[in-house]
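Data block below; observations after.
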Amino acid sequence: MIKTLRETIGGLWSLLVGMKITAINFKSPEITVHYPRQVVPDLEGFRGHIELVPKEDDPFKSKCTACSNCVRICPTSCISMKAAKPKKKEAPAAEAEGSQEPAAKKPKAKPEPVLFELNFNYCSLCGLCVQSCPTNALRFSDDVYLAGFTRQEFVFDLLARLQNQAQKKEQ
Amino acid sequence: MIEAIEAIPAQFIVIFVGFLAILAFVGLNAVLLVYLERKIAGFIHRRPGPYEVGPHGILQPIADGLKLVGKQIFTPTGADSYLFWLAPMISIAPALVCFIAIPFGPHLQIINTNVGLILILAFTGINVLALCIAGWTSQNKYSLLGAARDISQSVAYEIPLLITVLSVVFMTGTFNLFDIAAGQGAWPWQWYIVYQPLAFVLFFICVLAETNRAPFDLPEAESELTAGFHTEYSGMGFAMFFLAEYAYMVVASCIVAILFLGGFQGPIAPGVWWFLAKVYIVLLVMIWIRWTFPRVRFDQLLNICWKWLIPLAVLNLLITLAVIAL
Amino acid sequence: MDEKKAKPEKPAGVVKAAKQEESAEPIYTGYDSDCFIERQDLLNAVQKLDQAGFFLEDVSCMHITEGFHLVYHFDRFDQPGRMGLRVVLDRENPEVDSISEIYPGASWHERECFDFFGVRFTGHPNLIPLLLDPDFEGPPPLLKEESALKDLNHLYPDRGHTGISPESADFTREINNCSNQKSRNKS
Amino acid sequence: MSSMDLRLDTSGDYYARKFQPTKREDTLILNMGPQHPSTHGVLRILLEIEGEYILRADPVLGYVHRMHEKMGEVMSYPQYYPNPPRTDYLHALAWNWAHVAAVERLMGIEVPERAEYIRVITCELNRITSHLLWWGAYLLDLGAFTPIMYSFDDRERIQDILQRITGSRLTYCYYRFGGVSDDIDDRFVEDTRRHCAVMKERFKMFKSLVTDNFILRKRVEEIGEIPLETCRKYGATGPVLRGSGKAYDVRRAEPYSVYDRFDFNIPAYDTCDAMGRYLVRMDEMQESIKIIEQALDTLPEGDYIHPKAPKRPKPPVGDIYFALEGARGKIGIHLVSDGGKSPYRIKLRAPGYSNLSLFSEVAQGTLISDAVSILGSLDLVIPEIDR
């Protein structure tokens, strides 16, 4: 009987302790961020969708050599790429017989992508493409506030994105 | 025309005007309480709570109300639609009647009746019926369980509620709410909470249970019964249950304020402000409790009532009687 | 972390007399002991393991040329040691006794195998789809195409695939061996 | 009411028809889920109830089944990286680790010491986030709304720490064959240390707000008793087993990685009830902090990934069973390689699968409220169970 009574009184006391804690928290400052007016300050390490890294000397060209390692490793096949050799001024004629003629004649034109699309709808952000890239031509963007109304908006043309970024930089 | 109005007893006009005032009061209170509840919850959780609609989210309850009004009214297949839609009305109507007998201030009471306390206790009891009908006609098993829980809960907690009320009534010798409030002094040590601390605690617990507030919110226990008796209600049906819940909370807090906290009594400021302040303090404590504790289990709830509250209430009553007799 | 390229560690033979090699260079396979048993011996063997205080980790099934290969993984709370019971089922009639009488927890694992491979467990109290939609039509999803199938000799080379009897001393030795835990000292 | 026959759900689906009421006249079939606030996702439980007492319970699974095992068979080993973490999104790193470690052991890839330490630290941080979420969600089941907000506060801070390194907040894909994908830096070490100190204070607050709370104790003590023998018969592991009094932890029983170098306890309570499981998890978070602090103290220098780790691994023929301790229990990966570039068969052992399977036995004769409490105390992650 006494034990039950003591237990009950201890129990009631624990309730008061709980109310004290919520009261303390009531007085404490907020820990949330009022999103549209404030944003989270530290986004280091955030992995957005991938984007192409420009060359050091030419911000309009990507480092990509179109080896398609990323396309092959991607678990969800969300990268699509078309490669082509760049057309140099004297190249077009040489191109046709390029296979017979050894590369010693002139420095071989490095292939580069003419189309580099990311279907972000299927991307699982594993980062395998970035890691498998031999030339470090891919990186994660820090585009946190990404939103759209249709699926089509999440198919990114990364080459166009690169051009946009370069243009912005120049301005 | 004027004669026609004069022919109506003055009492009736008072009641009519009072009733309109009650409607406004209940509506305003609900708006304010919803806002307070969410804001307090927010602060306890260390977040801002409603913030976007109006300055500091003050218009949020109105936006919510508009949303509820605009929602589609939906009756489940196979439900008895008359009873189904009657239930929310049965729920809210008695709550409004209760306000008639409450003395908000020394001169602010619609009818000063000798049986005010009994009237309120009787009318609040009708709410059980509404929830029962709602659960029964919803054609939903969760609603049914919620209604079953509500009936046993309300029936059980009426008993200690009445007994604790009785101990105050024996002290004052009246069921008249105005007299009970007037019988107490202006200062806290003259209130009945000092003479009847146990009765106050018991009454407060019973009030939590009767108004289905956490930690006794079993009829609508979200994690167990989805939403209990009002699972199937949409739009205004839900809004009326919601309104009724808050109206009952206000009624209950009024009773607590009158019986134990001196009602409209208080120094300096006019009585009505004291009354409202006391009512809101009680309401705030109820909200505070809700955001602190887990829910009790159903059998524990009944055990608390039958094994603790009723014996203690009876004990309290006997002591009160003994003291009065001496 | 000094395990070498995992060659199939166990020497050929009905019983892998595992000890000789492991002391030299332990290779991690996760199994402290595993043996093939005949289909009809399963209940008997599981009974033995139950008495020895094992619990069932899971039942893993795979589609092979011979039919189906079921691996029951058992482990112990007190003395660690994983025991694998391997059963090979026919292709045409993949049927095996349900062990859910002994281990009620096996009931779901068996239902899963039934879902994914169509293996039937006789004596199972409730052999209905668990993870798949009951309306799912078509062959069980984890069946492989004929060209992709491998046989036991390919998957488990250098060891015998005939079952040992749970009554035999070999089986008892397997149970005892598996708490030696030599094979996972260096995991 | 006469129009509705509550007992015979002839119009129900396949599982409801299989779960017909017993001969008794006064019982009710209740479908709890797949959309129910307390089932944490899309778990459905068929209940036969008498009043509020449960006579029979039968979980129905498969609502988020994604066939991860089949995906494993058609993808190459590295392509399967993102899949296992998505089965158990709360303790993703453990699944990530299980897959990576199974392949490493099969191929004999060496993992640098530093990588092992990083794995231990991040995995334990992830375990804390998992337990914190469970704690909040369990109290939500019991009707207390506030604790989940406090637990999310801490959880988000840990996720901030992990995000800087791993790049994601929930479905991490961080471990690689032979190491981890990125090295940790001083700031990570500093942040982790600071947060560990904060967490220790927070646990005191959690204890007095919730663990000592009278109402909570009444809701979890002597509820859902799972005897040790039942655990064994159903293969329950993790906190469920430790709450039944057996201090069995894969980190001790089959030490993997560098866990044998750290000093930590395996909490176990032999009350067998929901309170035991609750306390085990609360203690485990503190033990995890102990491990993290030790690992940070002794963090070695070196590579974070083995320089010769294969980019496109082709393990030799063989099969391997690798188990490790997840937040919910023993995670097992049975990997069978036929020498090709993708596994011949990969079987994922989800701890929640075995833990949930004992529910129908334990729930018999309890109240609905208790069933909710038991379900919460098992700490279910439905995508892990359904895989």
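Order of writing sets the labels: A, B, C and D. Residues in every chain begin at 1.
One rule holds for everything that comes next: a residue touches a chain if its C-beta (ideal position, glycine included) is under 8 Å from a C-beta of that chain, and two chains touch if they have at least 3 such contacts.
Note that the structure is predicted; figures quoted are calculated from it, not measured.
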Which of A-B and B-D has more C-beta pairs touching across its chains: B-D
Distance between chain centroids, defined by C-alpha means - chain B, chain D (Å): 43
Averaged-CA centre spacing for the pair chain B and chain A, given as whole angstrom: 54
Distance between chain centroids, defined by C-alpha means - chain B, chain C (Å): 64
Where chain B touches two or more other chains at once, by residue number: 44-47, 291-293
Residue numbers of chain C (touch at least two other chains): none
Contacts with 2+ other chains: residues of chain A: 15, 18, 21-22, 25, 31
Which pairs of chains touch, using the document's own definition: A-B, A-D, B-D, C-D
Chain D residues within the chain A interface of the complex: 75, 78-83, 86, 146, 150, 153, 160, 163-168, 171, 173, 176, 181, 205, 208-210, 212-215, 217, 311
Residues of chain A touching chain D in the complex: 10-12, 14-15, 17-18, 21-22, 25, 31, 42, 44-47, 73-75, 124-128, 131-132, 140
Parts of chain D lying in touch with chain B, wherever the complex brings them together: 1, 3-4, 6, 28, 30, 36-38, 51-52, 139-146, 149-150, 153, 209-210, 213, 215-216, 218-219, 367-370, 372
Residues of chain B touching chain D in the complex: 41, 44-47, 78, 136, 139, 141-142, 144-145, 148-149, 214-215, 217, 221-226, 291-300
Chain C to chain D touching residues, read off their complex: 1-8, 28-31, 53, 55-58, 60-63, 71, 73, 75, 77, 80, 82, 84, 103-105, 107-108, 116, 126, 128-135, 141-142, 144, 150, 154-157, 184, 187
